[in-house]
């Protein structure tokens, strides 16, 4: 398997087939003597912008402090939760509980639900 | 080797450098030549004529016709000012100015006649405008030949 | 020590003598039940082809040019890579001892 | 039988959605200033579009990925971010132009200036997106869009000389006004090969749940739909060449374009033009707002779907809401939509390589497409289109400055 081609930037799907973003980054654990391994998948936060330019990452952090959901920084998902790697990456988690949908829910609650006809974000 | 170098170059084009894609550019145009300005004058005179024709057939709304005539009038006024300053030598500036001023006032008159719904008077203005248009065309031809 | 793969991608690598080898472009990994171990690093401009999955596109061109060494990718086993300074990865061996693939 | 219906509907959709303010303005300008001479640019643009649309549909049908999905996955976020910057900038300007086109159509019909229409029109576009389904937007807008066929009637009624029209299908250099000729040619190509249309089409294939069995259908829809659409553009050009060029009318303002059909169809020409533009721009405004929202949602991996309730894909809905109302702002200040159109067409041409280069890689990817990869014919075509796109990118901005 090739990490950049098959994993990085792939779409993540949770147990309930809900889209939870794309792989923004990957954390590799390097030990003294042991073989390096991938420990976490990162979603969102400034990880993405860091890949373009550190300055953009700083701007994105600054903006997130002024505005938006409480959950800051990237969501870390342990590699052990990966179920399969194919067209998309299937995870053994529930998107809501990871914080990956923090923005989605925040925008739904603060903006979309307040506009008539927007519907309710949560299923009763 | 070519391919290898190409790939190396492709590799070097990272986001950092791509982001410097020049996004701001000026829309400044070089000043139009007298020939181009004459073409504009003819275009707007013809526009007024065509809008007039359509109105006489009762196929366009009054408001549109009036607005288009006013737009032609204003645009012609604007172009004429610049045009008369930049004519090549040997052109009778005074008589060109004369015919342009006359057609502008005809167009302005037509706009008023639309409001009054006075078709016969409108038609006579339109016919005179046509005659003026021919004179302007002659000027345009002689300007083009002098350039 | 934790290293961000997405930031390691594209960093320049030197060999043990300080000679420029190329940039890290792809990672070979071995996946089993619960872990994902990094076997090797692919270095060199042509490793981009690997990452873009563009071999079907490049192979005919390569064939056309009858060249074997045109598109070289260095495959560096994990043991030979020193990542103690993630911004300046170094090989533990010399460039001439590296293995070409494809 | 069901397939035949689907194909017909698909073709009607493509035809009805083809014309918008960009293609009409550029084609009318070309006809008014250069007669039939620029017909080749419409033909070339349409041919390129046919291939690109077919490929984007095939990619979606086989891999369940849109071009945007695949671009992000293969080329990584930094490249995607650059494409995003270009795409959003250009698409936003086109959206301003389309909303302005609706406003201008209403202006010539009612006499009330287009800035007054900016807010009501944006609100209506937004409301349809908020409440409507994908089917409603795609089929409704394009069925109404068939009124643009009146351009064909107008062109035929003016009795074009078919011989010299056919001659215009081959590129020729003009005697004078070279810069303007080049500028209009580039704008026509920019208007025809519109990235938003490609993104919209491939997202539509996902919304409609296409699979590999749709490949032949996709080919038919792309081929016939875009060809008929191209004919519509040509009809506008021919009508302008016959009605406006002999009188020496150049199109600088929408009011002049409104006279396009008054000679061919004396009684209804004016109203048909106004109504055609109204509907065509409205459809295009919907498609562009959707395309922008798709672009973000797919690139970042958000939930998306025009059929979902807004709160179920809140980020997607948020993007189009913001973008539609932002697009009304320049119009409120009276920025001339025709000027915006011309600048955005040139900018589209300038950013084309960003959209098209990924096609070459993605359409040859065995992981995405397996046996449905491009053959050598399609690859040669893509290579040629890429070449054209680079030439366009290089010359569009200088031409904008000297010829615009």
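Quick notes on this structure:
Read from first to last, the chains carry the letters A, B, C and D; within each, the first residue is number 1.
The working rule: a residue touches a chain if its C-beta (ideal position, glycine included) is under 8 Å from a C-beta of that chain, and two chains touch if they have at least 3 such contacts.
Nothing here was measured: the structure is a model prediction, and the numbers come from that model.
A count of contacting C-beta pairs for B-D and for C-D identifies B-D as the more extensively joined pair. Each chain gets a centre from its C-alpha atoms; the one nearest the centre of all protein C-alpha atoms is D.
Taking each chain's centre as the mean of its C-alpha atoms, chain A lies 27 Å from chain C. The mean-CA centres of chain C and chain D are about 42 angstrom from one another, to the nearest whole unit.
Measuring from the averaged C-alpha position of chain B to that of chain C gives a distance of 61 Å. Residue positions 4-5, 8, 24, 51-52 of chain A each touch two or more of the other chains.
The set of chain B residues touching two or more other chains comprises 14-15, 19.
In chain D, the residues that reach two or more other chains under the touch definition are 74, 76-78, 81, 367.
Against chain D, in their complex, chain A makes its touches with residues 4-5, 8-12, 18-22, 24, 48, 51-52, 87, 103-105, 107-108, 111-113, 115, 117-121.
Taken together, the chain C residues at the contact with chain D in this complex read 6, 9, 51-57.
Of all the residues in chain B, the ones that touch chain D in their complex are 14-15, 18-19, 21, 23, 25-30, 39-40, 42-43, 46-47, 49-51, 53-54, 57, 59-64, 66-68, 71, 75.
Contacts from chain D toward chain B in the complex involve residues 78-79, 81-82, 85-86, 89, 107-111, 247-250, 252-253, 255-256, 258-259, 262-263, 266-270, 343, 397, 400-402, 404. Contact residues on chain D toward chain A in their complex (touch as defined above): 63-65, 69, 72-74, 76-78, 81, 130-131, 300-304, 309-315, 317-318, 321, 367.
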